[in-house]
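The same subunit A turns up in both complexes below, where it pairs with subunit B and then with subunit C.
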Partner chain A sequence: MSPSLVQAATLGRRAIVRTARQPANVIFPLIFPMLLLAVNAGGLRSATRLPGFPTDSFLAFALAVPFVQGALLATINANVEFARDIQTGFLNRLALTPVRGIVLLVGQLGGLITIAVVQGVFYLVVALAFGVRLASGVGGAVMLLLLEVAIALGFAALGSWAALRTGSTEAVQGLFPVFFVFLFLSSMNMPRNLIQTDWFRWVATINPVSYLIEAVRSLVIEGWNGEALGLGFAAAGGLSLFGFALATHALWRRLERT
Partner chain B sequence: MKSPLDNSIEAHGLVREFKKGPRAVDGIDLRVEAGEIYGFLGPNGAGKSTTVHILTTLLPPTAGTATVAGYDVVKEGPKVRKAIGAALQEAALDPFLTGREHLRLQTAMHGITGDERQRRSDELLTRVGLTEAADRKIKGYSGGMKRRLDLALALVHRPRILFLDEPTTGLDIQSRTALWAEVGRLAKEEGVTVFLTTQYLEEADVLADRVGIIDHGKLVAQGTPEQLKAEIACSTVEAVPAESAQRGALASVLEQFGEQTTGFGPGSVAVQLADSDGNLAEIVRALDGAGVVLSQLQIHEPTLDDVFLAKTGRHLEGSGDEQEQEQEHEPARA
Partner chain C sequence: MNDTVAVARGVSWRMLHTFFTNPAFLLPSLAFPLFFFTAFAGGLSRVSQIPGFDFPTGYTAFQFVFVLLQSAAFAGVFTGFGIARDFESGFMRRLMLAAPNRSGILLGYSFSALVRWLTVASVVTAVALLARMKIGGGGVDLFALYTLALLLNLAGTLWATGVAMRLRTQQAAPVMQMPVFLLLFFAPVYVPLDLLQGWIHGVASVNPITPLLEAGRGFISGAPELALASFAIAAGLIAGFCFWAVRGLRSAEAAG
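Moving on, here comes the complex of A and B:
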């Protein structure tokens, strides 16, 4: 294995071990999205009776939300730790080694994505246990996890940018409500074509989070929908590229090393 | 075989300015010879850490040049980093990882893998006395243990030059002494050049072959501790009158022998003797002749604090608070 790969893997492993050793960072991202799913599935069940609603199971409809929420929570937690590395000087310790900046970023993001995928598997297992059946089958489950990787990468890159740009744990935590605004102004609780309020439908249409949710949702309730998946991966890819470019620039500025 | 130049540190006219702030480093010229322990002494906020950050390539200088291990710190950063090890001011460790996991991470970052990684980690853990604690998480380590691990991490790739930024701040005397012993061994047995910043006079005096005194970003004195003290040359006499009413009379007598100085015990009068051969017997006779009765009389040999006082007009102790306040608006990385 090349030294850069070993370095990235070691950094990724560190991110995972550190998270695993903080129970609050493990349990909350697993439980909170599931609780919210249970509340929504119970309270909004009647929405399935609306003409044109794509499924008669709100649980299956809303299952996409924990995947996005989980990626968000994993991102925030891991990037708070990343910001702490900057505050404590740990990043300077790494900067004094021959490791390349891009490897630092890839290692950090790799660990975070692994955590998000483990969470995704947990959500899927819980949903299956409660009777949700994936319309896209076993292959759909694999695709769903790939989508989770892409979603987590997008949010993680943006979170890493915030951590590197500010070096402040508070600033990264402050991103959490901002991300959640995007989540709430998406098609998380209602298909876009059934949203009655014009401005809300318009915001949900331009909001990339809607396409992330709809891609996951399509695998659960529709089967293989090329357009939804394409848009979902495009939104995740766009977020990732945008976030990665910002994070790389911020890393370059942060590691002012010569 | 490496030339002696390979392990040296050299800086000319080094300057670092921060936005809206004073010059943290203001025209420093220094040279540290191979295998030497160089003590960089100064109060908090004097510019020690900024200088270390420049020399370790973490911060580019605003002006001036510096070479470390023969490489330019601006143009040849990666080569400098390969040659140096550094333990910066805070022991930046992950509280959720163990000591061994830190070494595993650090060796990987330096491209050390396989059996060599394990061997080197074990060797360093033994050397810094952390073998038993190696598999404990850092959050359970004492300050001294963290500093020792920090030193081990700085040594994983066998650096030729070691930068230690206030390595013993906050440590108890036992931990401090153990660290001094290890640093001394590294320089003497392995020929490692050590650039050590400190605000402790004793540390610079005991450990350093040569000392540079920095104040407000400027190097105000440089030399061996003995040379620097010899420059000041004169001892200080401190006396406490038996009755406080005699303090004036005591001062009048002592001032015949030198200039009054401050920073000694309350109620005492101290003068720095004008003559390096100041004769205590003469002073006692003069005090006796003036009828001054003493409760205490001491003679102090010159210290590095006297050198600091002579060069800056202030004692080292406490002068950092003032400088820290001046630089509060600087970026944290400074």
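Moving on, here comes the complex of A and C:
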């Protein structure tokens, strides 16, 4: 195995172990999205009686939200730890070793994605236990986890950029409400064609998070919808590329300063 | 009495100074209720077309009441975070040594939570009016609505204070936040109680926040209902959490 791969694996493992050692960082991203799903699925069940609503199970409809929200929470937690590495000087010490900057970033993102996949499996198992059946079958479950990886990578890259750019745990935590704006102003609770308020529908349409949610949702309630999946992967890929470019640049600047 | 007021004034001034001068505290307090209001009133307005949904002043007013009560309770919870922070930084220990009457500490935190909420409520109300929220209730109804929210703010503050005084760490934040979140969201948030189905209807029916929410919606629509019951519940919550907070203060004193 090449030294770069070993280094990336070691740093990724470190990111996972560090998260696993903090129960709040493990339990909160698992439980909170499930609680919100329970609340929304119960409270908005009667919304399925609206003409044109795509399914008669709001639980199945809303299942997409925990996948995006969980990726977001995991990203915030992991990148807070990354920022702490910068604050405590770990990154500076690492810069004195032969580890390449890009390997550091890949290791950090790899660890985070592993956490997101574990979360995705948890959400899927809970949903199946409560009677949700994937319209896309077993293959859809695999595709759903791939999508979760892509979503987590997008958020993680942006979070890593914030951590590297600011080097402040508080600043990364401050991203939490910013990301949540995007989640709230999306089609998370209502299909876009049923959103009545014009400006909200417009915002939801230009919001990439809507496409992430709709791609996951299509696998749950529709089956294989190439357009929804294509848009979802494109949105996740775009966020990842954009975030990774910013993070790489910020890393280069930070290592240059140190 | 003068000692109590002096301590309360000092504590509340410090809390409010931190709140208004530090965007990291001010912005989330303002942002979260606005997110909820925007997402619910804007994104879910179609819900008002569900057969059986007959709230007279529209979905924006229906959601405004929830957001107002939620902001009131959470202003209290956020104050609890500040108390926990004061314990971790060692400020509380110095405050307890210096305060001639420690009840003033509780009073000061409660007053600062009230001012915090009034600030948030002003912004949320302004945004709701800009969004052309319809109001059916008169001046007395609206006064009752804001008074109800104020009482919930006090109850939330006393709850979070009791937790912060006992656990004395910022890691207690989920303990303060999660029960309040669950109580609020296991009420009829999106549709009236009659339209809830399944397990959540059962939970909402016994949730003490449900009468507060229904009374608040009655006030804003000009058709008050459950007014006495809601104020009695709010008074009961305050009495219970006051006892909880005072016992927490004694626990913190005993811990040194």
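In this text, the second predicted complex is superposed on the first by the 256 of 258 C-alpha atoms of A that agree within 3 Å, B and C clash if a C-alpha of one lies under 4 Å from a C-alpha of the other, contacts with A are read in each partner's own complex, and residues count from 1 in each chain.
The definition used in the following text is that a residue touches a chain if its C-beta (ideal position, glycine included) is under 8 Å from a C-beta of that chain, and two chains touch if they have at least 3 such contacts.
None of these values were measured; they are calculated from a predicted model.
Once the complexes are laid over each other on subunit A, subunit B and subunit C both fit without any clash. In the superposition on chain A, A:V181 makes contact with subunit C only, not with subunit B.
For the superposed model, the angle subtended at the Cα centre of subunit A by subunit B and subunit C works out to 90 degrees in steps of 10. Contacts of A:T88 after superposition on the shared chain: subunit B is touched, whereas subunit C is not.
In the superposed model, A:F242 makes contact with neither subunit B nor subunit C. When both complexes are overlaid on chain A, the residue A:L96 reaches subunit B alone and has no touch with subunit C. Contacts of A:T10 after superposition on the shared chain: subunit B is touched, whereas subunit C is not.
Applying the stated contact rule after C-alpha superposition, one finds that A:W224 touches neither subunit B nor subunit C. Contact with subunit C, but none with subunit B, is seen for A:T197 once the two complexes are overlaid on the shared chain. Of the two partner chains placed by superposition, only subunit C is touched by A:V39; subunit B is not. After superposing the two complexes on chain A, the shortest C-alpha to C-alpha distance between subunit B and subunit C comes to 17 Å. Once the two complexes are overlaid on chain A, none of the subunit A residues touched by subunit B in the first is touched by subunit C in the second. Contact residues of subunit C toward subunit A in the complex are 24, 27-28, 31-32, 35-36, 38-39, 42-47, 49-52, 171, 174, 181-182, 185-186, 188-191, 195-200, 203. Put simply, subunit A touches subunit B in their complex at residues 3, 6-7, 10-11, 14, 17-18, 21-22, 85, 87-90, 92-99, 167, 256-258. Interface residues of subunit A, counted against subunit C in their complex, comprise 24, 28, 35-36, 39-40, 42-47, 49-50, 170, 174, 177, 180-181, 184-185, 188-190, 194-197, 199-200, 204. Only residues 56-60, 73-75, 77-78, 80-82, 84, 86, 88-90, 92-94, 96-97, 101, 104-106, 108-111, 113, 137, 153, 332-333 of subunit B touch subunit A when the two sit together in their complex.
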